[in-house]
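Okay, so chain A shows up in both of these, paired with chain B first and chain C after.
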Partner chain A sequence: MASSPSSQAPLTWAVNISVIFLVVLWLFPTLGLFVSSFRTADQITASGWWASLTSSEQIIQLRTGGRDAAKEVDGVFVVEGNILTDGDEAPGQLEISAFGVSSRAVDAYKIGDTAEFNKGKTFTLNADGSYKLTSPDKLRKRGQRVFVTAVLPPSFSTENYGTILFSGTGQDNMAKAFFNTLTVTIPATIIPILIAAFAAYALAWMEFPGRALLIAAVVGLLVVPLQLALIPLLQLHNNVGIGKGYLGVWLAHTGFGLPLAIYLLRNYMVGLPRDIIENAKVDGATDFQIFTKIILPLSFPALASFAIFQFLWTWNDLLVAKVFLIDSTGQTTVMTNQIVELLGTRGGNWEILATAAFISIAVPLVVFFMLQRYLVRGLLAGSVKGG
Partner chain B sequence: MSELKLTGIKKSYGSTEVMHGIDLDINEGEFVVFVGPSGCGKSTLLRMIAGLESISGGELQINGVKVNDYPPSQRGIAMVFQSYALYPHMTVYDNMAFGMRIAKASKEEIEERVQNAANILQLGPYLDRLPKALSGGQRQRVAIGRAICRDPKVFLFDEPLSNLDAALRVATRIEIAKLKESMPSTTMIYVTHDQVEAMTLADRIVVLSAGYLEQVGSPIELYERPANLFVAQFIGSPAMNIVTATVETAGAKTKVKLAGGGAATVPIKSDKEQKGAKVHLGFRPEDMTVASGKDALVEGVITLVEALGEVTNLYVEVAGSDDPIVAKVPGTYDVKRGDRIALNADADKMHLFNEEGRSFLYL
Partner chain C sequence: MNPALQGLITILVGVGGCIGYFYLSNQLLDKVIFPATGDKAGQNINRANQVRPWLFLFPAIFALGLYLGYPVFETLRLSLTDRAQDDAFVGLANYQQMMAEPKFWEAIRNNMLWLIVVPAASTAFGLLVAQLTDRLFWGNIAKSLIFMPMAISFVGASVIFKLIYDARPAETAQIGVLNALWMSFDGGAGSVFVLQLLPTIILLGFAAILAFVTYVIISPVLERRSNISMIAYLLYGVVVLVAAWLILKSLGSVPALWTTELKYGEPQQWLTVPFYNNFFLMVVLIWTQTGFAMVILSAALRGIPEETIEAAVIDGANPFQIFFKIKVPQIMGTILVVWTTTTLMVLKVFDVVFAMTNGQWETQVLANYMYDKLFRANDWGVGSASAMIIMLLVAPILIWNVYNARKEMR
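Moving on, here comes the complex of A and B:
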C-alpha cells in the first residue's frame, strides 16, 4: 500500500477485510444449515452442501428389469428397457457419462460399450438410458445392479420441514417446542422492559436519597454470573410454591435481565435533555405523565435495542429453561432443549438436525434484521450526539 | 394583578451559598431583564422563580401569595428555554397543546388558543411539522408560542436568543418586543448576558454579580448613573475606563488629580472629609475626544487600533493605569500602533467611585 494517497487507507482496508471476514465466518454456517435443511440424508452423505447448489456429477445406483421383464430369445434371456425412466425409483432423463456393473468399478465402461461380466452376461447402456441385458442363465427376480455416472441438477425438498414441524411423532416434532419457546420468550422480554423503564426513569430523573447507591448496586449486579443464583433461586421458587414452570422461568429471565436493562435505559434516559423534562414540569405534567408522554417515546431506540438483546438470549437460552422450566413430563420443553435431545436420538441425521437448528434461528434472524437499526442506535446511545 | 415580590431570596447548595438574599419587586406588566456575567446566578434566580430550583431562604410572592413550595405548574408562569426544549416526537401543534391537554382543557379551547398563538407568531403553516423540520428561529417561535398557550401571568425567558445566529437574534428580539407590546398586562422576566438585548427590551434591568443584586433601574439610568464600579463596567461596550485619582478639592464640584498626572473637575458633590481620599474616576470611551496640547486628561501610546468604520476604538497605554484606556472616536481616525496620543473626556459625563467602588451619586 505504499502508493496509497492517505495514511488512513491501510486502516480502512484492515477494517473492511476484518468485517468481511467476520461476516463470512458467521454467514457460512448459517447458509450451510439452511441449504442442508432442504436436502435428503442421502444427498448429505454423498456431497457437501456447497456442491448441491450446482449440477454435479454423481454416481447413482439403478436396477434393470428382473426375471419378469426378460424374454427368451434363442436360449438367451434378454431384458430391454430404459434404465432412467422405467420403474418407480427411476430418476428421469439425465446426462450420463459412464457406467459399471460392479461396486468395485462403478465407472468401468463408457456409454455405448457392452460390459461382459459373470457367467457370460452382457450389458449395453446407451446415452438415452436404453439398455440391453443378456444372460445365458435365468435371471434372478430382482434386476441387475448398475452404477451410472450422471450429472444431477440441484434438487431440494421441504420434506425435512414437514418432519420437524408437522409429523405426528413426538421425538422429531418441534412445533410444540417452538410455541413453548415463544411462551417463554415474549413475556420474558416484555416484563423486564416494563420494570426497567420505570426504574431507569426514577434513577435518571427523580431525586430521592440513596439514588447513587442504587445505581452503583445495579452496576454491581451486572457482573454477577447468573449460575451463582440458579440453585438458591430454584429452592426459593420451590419453597414459595412456584415450582418449575413458565412463571418461574419468566421471573428468572426478568431478574437476570434487569441489571443490564436498567443500566442501558438509565444511561439513555439521563442523556435526554433536561430542559424538555423541566418544560414538561412547567406545563404541569406529573412524573408519571412525563414518563409515559415524553420519556417513553423518546427512549424507543433504547427500549428496542434492549428488547432485541433480551429476546435473543431468552430465545437461545438452555440453562435457565432447564433449571426453572423443563420437568420430567417434557410438556414444557423448549427448542434448544429439544435440539439437544435430537442430537441424542437422531445424532446421525444431519438433515433433521440442520432443519431443527435452522427453525430455531429463523425467528431471531427475522427479529434482528427487522430491528437492527435500533440495535445500533441504542448501543451508541449517549456516545454519539444526536445518535 | 401579577406582581412578583422577592424578599431575601437565598439559594445554597449544601453549605455553599450562591444567592445572598435578593430583594426585588416586579410590577405587573413590567419587562425585567436579569443581566450579569456567567455564573452570577441570574439563571438560578429565574429557575427559582419558575419553581425548577428550590428556594433555600426568603420568600417569593406572586400576586401576594407565597409560592415558595408551589410546583412550577401552579405558579402561573411559562418558561422559554435557551435550547427551545421542544418535545421532539410531537408536532408543533401537539407541542403547544401539551400543557393544556395535561390540564384537561376542552378540545375547542385548545384549538382556539393554539390557533391564536400560531397567528401571533406566524406559525400557521408549520403546525403539522415535527420540530426537527424547523429552523432555529422557527423552533424558538414555537417555544414562545407554547408559552403563550399557557396564558401565563409571568413569562420567563432563559437566554432565549443565545442559540440563534446574529441576524435572527435581532429579528427575534424585535418580535419579543412586539409580543410584549401586544400583551401589556403580562409580566416578563428575561435572562441574558447580552447587554444589547437588555438595553433594548427592558423596562428595568437587574444587574447581578456573584449572587448579589448590584443595581436595579431603567437601562438609561444604569448607563448614566451606575451605582458602583461593577455596573459601570458591565453596562456599555467597550467598558467604562477606570483610573485611580485623588480628591484635591471637595464641594459641589469635585476636583481630582489622576495618578497618571492629568486633572479633572467633575460636577459631582463631595464631602469635605473626602478631600485627599483615593477615588476611582470613570469615563466612557464614547465620551472621549482627542486633545491637543496640555489640557489633556490622559496621554499615552496607542497599543491597538480597531477601525470599525462607524467608529474607531483606540487602546491607549497610559501611566498610572494597568488596563489600557479605550477611546471611541467617530469615523475613521488615521493613527498607527505606537503613536502617542492625548485624550480628553467630557467632565459632565464622568463618574466618581470611592475606594469600595460605590458611586459618589449614591453615597
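Moving on, here comes the complex of A and C:
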C-alpha cells in the first residue's frame, strides 16, 4: 500500500506481529480451559496452567520403604532403596535438587545431606534417588513421608474425561446431560428448516396481496427479544398440557428460530435465476414440484448455514432450556445448565469444571471448524445484502 | 419413554407431518376443491394459485404468531395486571414498583454501560483485525481462530473467564492469569508504567480519538455542506452529547488513576469489585462477538472498489489516511449493521451475568433482573414490566430494520 518498498517492510512486520498478538490473545482463554482439563486437581492448584507446558520445579511427596523393607543391623533398623524408582507410586527418574522431612520445611536439606526425623531417625538422600533411612526403633508399616523438590516434565492425563463421561456420580457426570442436549438440539434444528423453507419460497416467488407486509413482519420479529415470550408461552404450554418437557422446548426453539430461517432462506431464494423457475412453470410444473425439485436442492448452502446457526444456538442455549424444559426433578437437565450448577457447587474444582465445560464446547467447535464456510456465508447473507 | 427414542419419533413425526401437510394440502387444493378439469378449469387454476401461497405460509405464520406475536401482547397485558389479585388491571402500578427498586436502576445503568462499551469494542476490534489480516498470507487462519469463540456458549465462555479471574490466597500459587499478572507488580517503576502511565495514555488517546471522530461526523453540519433535516440535527445532537459525556468521563478518571492506593501483593477477587466488575463481564461478550464483527467487516472491506484505493495511493495518501478517509466511509453502512446486531445481543445478555455473578456485586442487567423477578420472586407483573422495558429499548432498532427492509424492496 505504501509508496516505496523500503517503507513497506517495517509496516508488514508490524502488521504480522500485531495479528500474532491478537490471535494469541484470543486463543489464550480457551487454551487455558483445554490444558486444565487434562491436569489433575493437585496439578491445577499447584501452578497456573501456563506453567504446565514446560518442565517446572515442583515439590512432590514421596514415601520411603516401611517396616517390611527394613533390615536390622547392629540393633538399628535400616532401609535402603531408591525413592524415585521403588514402589507403586514412584515417579521414575527425575532431577532432584532439595528435600525435606517436614511439611513446614519442605526444602530444608540439600541433596547428600542427612536429615533427622523425630525419635532419632536419620535420612540421607542422593542425587540418583537412592536413600538410607536409619531408626533406633521398629519402623511403622508405612514408610516415612519425604518432600522432594524435583524438576517435573509436563504431564497430562485423560482421567478427568473418564470421570465426567463415565465414572462420575451425580452432578459430576455429564453423560446424561450430553444426550439430553443432543435430544433437544436435533429436532429443534430440523423442524424449523422445513416450515421456513416453504414460507420463504412463498415470500420469494409467489405473488399475493400482503406479501411485502409479511416480509416486513418477519424482519421485525427478527429482533423481538425472546424474554417477552417466556411467561406467556409457559402459561400456554401448561394450559394445553405440554407442560415442561422436550416437546415444549422443541416448539419454543422452532418458533424463536423461524424469523431468521425465513429471512435467510428468502434472501437466498430471491437470488436464484428467474429463468429456471419460469421454464419449469411453462413446462407445466406445479409450485409444489418446483419447490421440491428445483428450489430445495439449489438452496442447499442457505439451508446449511441456517442449520449451523440453529444448531449452535440450541446447543449453547441456557435460558430457553431452563424455562421450557428443566423441571424440578432435574432429569432433563442440559449441559449448559449443569455447568452453571457446577459453578455454584464445585466452584473451586477446576478439574471438574474445565472438563465439563470443554465437553460442552467441543461439539460446537468441531461443527464450527468443519462447516465454517457455510456459517460465514449465512452471516453475510443476513447482514450485508448482496455482499 | 427414552428421550432419544422420543426425539427420533419427534423428528419423524415433525418432518413427516410437515411434508405430509404440504403435499396433501396441495393435492386437496388441486384435485378436490379447485380441480383443473371440467368447464371451470381455467378459473379453478387461478383460484388455486391464489390460495396456495397461504398453504405454504400457514405453518410459519401460525408458529410466528403464537410464539413471537402473541407473547408481545400477553406480556404487555401481564405487565398491567396483578397475579395476586386474580389478574386485576392495576394500570402502571407494576412499573411504579419497579422504578422504586434500586436494583432496577442498577440494571439500567449497567445495561447502558454494556450498550456503549460492548458494541464499540467488538466493532473496533473486528475492524482492526479485518484490516490487518486483509493482505496477510495466513490471514484466513488468523480470522478463523479469532472467529472461533462465536461457537462457544456463553456458559462455556463464563467458565473460561472465571478461570482467568480466579483468586487464591496470597501465599499459594495463583492459577488465574489476571491475579498471576497482578502479583508480579510490586509498586516499582514497572508497575507505575503499566498500571498508571499506560492507562493514562490509553484514556487520553481514547478521548482524543473520540473527539476526532465526533469532529469528522459533525463536520458536514459545521460547514453547512448539505441540507440536513430536523431529525438529522437531533441525531447529531445526541452523538455530540454522548461523545462529550464519554470524553469528560475518561478525562475525569485520569486523576483517580494517580491517587488511588493500589493493593499490591494482594490477590483480587475481580468479579466482586463494584463497577469495574461490569467490565470484566463485558470482556466475555467482546471476546465472543469480535469474530462476528470481523467476518462481516472483512467482507465489506473486500467489496470496496479497488480504484478508489489506487487513486488515493497515487495522490500520496498514507496507509492510515487510506483506512480512515477512504475505506471506513465506504463501509459505514456495514459498520452500522454490525453495531446494531451487537446492540441487540447486548440487550438480551443473560447467560454471562447469570453464570458469573448472578447480578451480585452491582452487576445486574435487565435480562437477568427479569429472570429473577419471573422465576425466583414469582412476580409476573414486575417481571413482565421489565421485559417490556427490553422491548422498548429494542423497538427503535426494530423500526429502523423494518424501514430499511421496506425501502430495499421498492
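For the reader, a short list of remarks on this structure follows.
Everything below uses one rule, namely that the second predicted complex is superposed on the first by the 309 of 387 C-alpha atoms of A that agree within 3 Å, B and C clash if a C-alpha of one lies under 4 Å from a C-alpha of the other, contacts with A are read in each partner's own complex, and residues count from 1 in each chain.
As a convention for this text, a residue touches a chain if its C-beta (ideal position, glycine included) is under 8 Å from a C-beta of that chain, and two chains touch if they have at least 3 such contacts.
Nothing here was measured: the structure is a model prediction, and the numbers come from that model.
For the composite obtained by overlaying on chain A, chain B and chain C can both be accommodated side by side without a clash.
Look at A:L298: by the touch rule set out above, it reaches chain B but stays clear of chain C. Judged by the touch definition given at the top, the superposed model places A:I111 against neither chain B nor chain C. Touch counts on chain A: comparing chain C and chain B, the chain ahead is C.
When the two complexes are overlaid on their common chain A, residue A:A69 makes contact with neither chain B nor chain C. By the touch criterion stated above, A:N279 is placed in contact with chain B alone, chain C being left untouched. Smallest inter-chain Cα distance, chain B versus chain C, after superposition on the shared chain: 6 Å. Interface residues of chain A facing chain C in the complex, by the touch rule stated above, are 1-3, 11, 15-16, 18-19, 22-23, 26-30, 32-33, 36, 44-50, 179-180, 182-183, 186-187, 190-191, 194-196, 198-199, 201-203, 206-208, 211-212, 214-233, 235-236, 246-247, 250-252, 254-256, 258-259, 262, 286-288, 291, 312, 315-319, 322-323, 332, 336, 339-340, 343, 350, 353-354, 356-358, 360-361, 364-365, 367-369, 372, 376, 379-380, 383-385, 387.
The part of chain A that touches chain B in the complex is made up of residues 273, 275-276, 278-285, 289, 293-294, 297-298. Residues 3-4, 6-7, 10-11, 14-15, 18-19, 22-23, 26, 30, 49-50, 52-54, 56-57, 59-61, 63-64, 66-72, 74-75, 78, 125, 128-129, 132-133, 135-136, 139, 142, 144-164, 166, 168, 172-177, 180, 287, 290, 292, 295-296, 299-300, 303, 309, 313, 316, 318-319, 322, 334, 337-338, 341, 344, 347-348, 350-351, 354-355, 367, 370-371, 374-375, 380, 383-384, 387-388, 390-391, 394, 397-398, 401-402, 405-406, 408-409 of chain C touch chain A in their complex.
Looking at the complex, you find that chain B touches chain A at residues 50-52, 71-74, 77-79, 81-89, 98-99, 102-103, 146, 150.
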